[in-house]
């Protein structure tokens, strides 16, 4: 894969948080904070993407992430094409590359791509024109960089530091792109105490998540944690990999009020959504005073605005004169 | 359900016309008239909803009503999210409440909701944040308030008064949210002579539509009427409830030219659409000189603009300062 | 069908290129050139369609053409309704005419219509109100006027003349609306040397494409050609009509590098997309130095902007005063 930065160090693509340094991440978070408006405030409206066309290519169904990117782009003044790739010309046999060339020829400036298979973001990055950018909105189990960024933005807003934080991630980490991207962002920003909690079959390979501690009992994993991040259970995977039904999963790994008392009194409860209430998390915890789950969604729009604006600024520098 | 008005008497939500007084209705109709542009005139374009995000949640398929709300919001400067709730994260098991919280966290200001089951608008109103509003775009057989408003706007434009009008509603009144909302709006504005016409099985329960006369012969019901409002026949209901086929229904209840001569010479023929031509209404009547059916559609956009603008003004007063 | 021009000679509808004279075509191409921005340049953004509502009615699935019209309209400031006619009220039994009346009543100014059956654009033109326009985005095998225009715009950009050009169209011409519209545009602009190349079963009726030469061997048809325009093979038609499988088709009619050397050294290779690489065209030719296929897509947006702007100017003259 080509570099995600251009020659001047500006953000050109975002497929992964690997290789992005601490300063870049902090700059993105700072910019996102400037765009963030809490519910009840008027949303930020700007012209940073005026004249920019964003094409959303979602090969997986997604309400939340697509709406988040869509609003982020439109609130900055972009034109957005939402292409439903199920009913598109892919069914006519058009290759992905021809779709890319076609949308580029229509002056698409930024592609936002989600796919359940690995490789599509890199493939696009390798093939887009010099004035076009690619943002991953989720790639297989590998990467979900804007989710990683919104997670650390949410943590920063409450904790103001990353060094010394104890962060527990609980659930199907093996198949989770969220866990991978968030762990990467935390590592880059200085968090070294990461705890992975899952049934053995859902823990990642040993080579991954270097330096993290692994737990199969949730009580052990979240003890004293400053952040507990619950992952969505994919029911089809749970059945095959871990031979647990929903009730059993909740009994053994669900975050309920009693378990939460094992964590730090100032713990943040996080979840990337959508939640299975009563499976990985109890409703009273999801809606309780330690939960920042809705803030994560709010920060998601702000982070995507920041990424889009940073990339648009890079593209503007690269654009040919009229 | 909470009140639809805020403390200062401004319109906050619209789930039903029940409880909205005459002055409020007149104010909405006046505002709608100011937004109305006839076909052939440039549509009204304003900034009343600048910076406002409207999320359309349609659990029933709808071309007309969704397009009407969509255009109304965009012509006033809003960002609109059209969420197809069939293919959304509801299928992933996300609860409605989490969808609500998620879209609120993305700074949705106004939800427009249509559902074939009763209860969803009230449920949303009970759970939205203090700075968020809900508009029903159709709730089961119970309520379709913007349709009721566009109907009375259409009548007012031609009749200039409501007291003393004879209004006949013909068709499957028992299952019709349109009939309920329009009857409510007419009652509030002073129409007391309402006539309900249907096969016995499609007339409403006795307790409903207080004061209305009931007829099973259309000739009796529309005699001397100033307004004849035909309802769309739902073919599946007709079959089971009334044991009439389409041809028989048209023979017994269809509005044709001959029957129309029983009404007032200045009668208005109305239909909420989409029409079954040749079932509940003859084509020459639908397109004839007494028909105001297309005006109803035109007024629908204007009424939705008025409701959106009134609610946005209420929200602006409630918003937290930056 | 009514005339496509209004009394003052302005473009009112576009269902076919038949009957549009050379001056009109040149004016459209000139205007399109003014809107064209190459990939890497910021797209043209204007207000020519401010206050205009465009309703896209696509009865055939289409990613490319719909996206092209959608972006063209929005970049000129229009509101666009994208109506998926599969899941629309057509399924509720609403007739096309009622859909038309409904969208007109919502102040739709321009309909863009695609249908696999013949007749829909003319039907709409015959029924729209005096202040409403219709543009065909593809009608059965008969007409695809904006494709014809983008093809000649692409040719003009490279060749600067039409008289004396040798143009070969290769593929399923019998069923191709692209071939019909492009041939018409070329004829109007002065190209008389048109060559049609196909298996006998896929050549058009003798009465069509008057003056064109017909070839069943591609080598004969493209010899010395200035332009070679490959058509997309519809696999289902190939099977039934011509009894050729994909490999056999490529062997006999596919455009590969060896065959391309029979054409003029300055030949333009064109394709309306989406391509079947390895069926009607070799990948190295599609992406090679003589290919202008991506320019066609780029010109497609520009041509649609020009048509929309020309029609909007006509409508403005026809609009009723407020």
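Odds and ends about this structure:
Order of writing sets the labels: A, B and C. Residues in every chain begin at 1.
What we mean here is this: contacts are C-beta pairs under 8 Å (C-beta built on N, C-alpha and C of every residue); 3 or more make two chains touch, one makes a residue touch a chain.
Small disclaimer: the values here were computed from a predicted structure and weren't measured.
Counting the residue numbers that touch the partner chain, chain A and chain C have less than half of them in common.
Superposition of chain A on chain B using C-alpha atoms only gives a rotation of 120 degrees, nearest 5.
In this assembly, the C-alpha centroid of chain A lies 41 Å from the C-alpha centroid of chain C. None of the residues of chain B touches two or more other chains.
Considering their complex, residues 37-43, 45, 61-64, 67-68, 70-71, 74-75, 273-277, 294-298, 300-301 of chain B touch chain C. The residues of chain B lying in touch with chain A in their complex are 50-53, 79, 81, 83, 87-89, 91-95, 98-99, 101-107, 129-132, 318-320, 322.
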